[in-house]
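Note that the chains are named A, B, C and D in the order they appear, and that numbering of residues resets to 1 at the start of each chain.
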């Protein structure tokens, strides 16, 4: 039976260790766990926060669809994907993906696959709020993200 | 200036969240953190423990060499590699690698690269202790691990 | 056909409402037809849908291409390319 | 040349000691020469080094190929392929 993914879209922060523990607790059939955390970055010191908007309902549904594709494709033992919305300050968490599998490459590929599709297909949008109080506008989608996704074809 | 890796070889367990926090605390230039945890797996229920032997001194030195290659190759912002030794029961942690970078693919590649070289070049050996009290012998090296390493050529 | 439209990100900002119910003319068959129709409804719609080729459409919360029919839609989402993750 | 040898995993078990200091004949120049020499020292060594091509050698805690010279070595590690991670 295929593993059932844990999907959450939430305003509050997540706790990586809690989520890993939930995935592997009491199991001895998992040999590899890969986590990806995406954080709000601010190289120049000009960003006050990112504001994450999402399409409620569809965001969860797309994340679940992507997660189930990854579980089937890489025979994952477990998968968790959590995406935050609302205002997120530099250094804070935005997204978490955890993939658990027997062998290491499947866990790496599973988490990487989910991130590539989540970037390009899950309905979330980022708006910049700058340190000077102005709005930096909406973050543009990147061709590089489409290319990263297309490596899984 | 290149990031300096954190390398540890230890008997006691590690705590993933503590290690991530140590790597990213107070920083806003990190956009992606990938962790790999390798766990002692026991599909059939026949394993009592793995015993990890290592070459003290050389184990740390090899891990540091691999970590520094990864930092340079993928422009990582931070890297942590921890490997346990001694008896490890099914479900317990064996190894942890954390790679931090600006963008997600570098963090995935950095952690994956370190694991592939750690498997094939860091002087650790696994011996099986079976549930029936006997010794299952030393785990054999796998061709698949050499092939995984060679993908970075 | 009456349908609920939901807008996100700068599409929402330019149309200046998060959602609305509208009555669609019979000539609107595909997602692309819908975008072309909305563009005629005023300056905000015109600004939001100026480059319809970049706009994404979801019917009942599933992505559709612009040439797909929207018949049977209860809710249609209209938004820019996604930038989450 | 006098050198400290350290053994690991099943090489250690078969030779039945974790380390020793030995005096090497002048004819032992490379890592491969060393393995061939050790193999003549008794049954345990013979069993440990039966298939020398799979054995790994480290000079002063750095991997070397079998055709590399071991001159200047203070410590030489001899062990099977690694299986950590």
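Assume a residue touches a chain if its C-beta (ideal position, glycine included) is under 8 Å from a C-beta of that chain, and two chains touch if they have at least 3 such contacts.
Note that the structure is predicted; figures quoted are calculated from it, not measured.
Engineer: Which chains does subunit B share as contact partners with subunit D?
Structural biologist: The shared contacts of subunit B and subunit D amount to nothing, since no chain touches both.
Engineer: Listed by label, which chains are in contact with subunit A and with subunit C?
Structural biologist: Chains in contact with subunit A as well as subunit C: not a single one.
Engineer: Using mean CA coordinates as chain centres, what's the gap between subunit A and subunit D in Å?
Structural biologist: Computed value for the inter-centroid distance: 48 Å.
Engineer: So how far apart, in whole Å, are subunit C and subunit D when each is placed at the average of its C-alpha atoms?
Structural biologist: Comparing mean C-alpha positions, subunit D is 72 Å from subunit C.
Engineer: Please report how many Å separate the Cα centroid of subunit A from that of subunit B, as a whole number.
Structural biologist: 23
Engineer: Indicate the residues of subunit A shared as contacts by at least two other chains.
Structural biologist: Correct list: 38, 104, 115.
Engineer: Which subunit D residues reach two or more other chains?
Structural biologist: 85
Engineer: Dump the list of chain pairs that touch, please.
Structural biologist: Listed in label order, the chain pairs in contact are A-B, A-C, B-D.
Engineer: How about subunit C: which of its residues touch subunit A in the complex?
Structural biologist: 6, 8-10, 58, 61-63, 77, 79-85
Engineer: Mind pulling up the subunit B residues that touch subunit A in the complex?
Structural biologist: Against subunit A, the touching part of subunit B is residues 15-17, 20, 24, 26-43, 45, 90-91, 102, 104-105, 107-108, 111-112, 115, 148.
Engineer: Residue numbers of subunit B touching subunit D in their complex, please.
Structural biologist: Residues 38, 52-55, 57-58, 61-62, 83, 94-95, 115, 118-127, 138-141 of subunit B touch subunit D in their complex.
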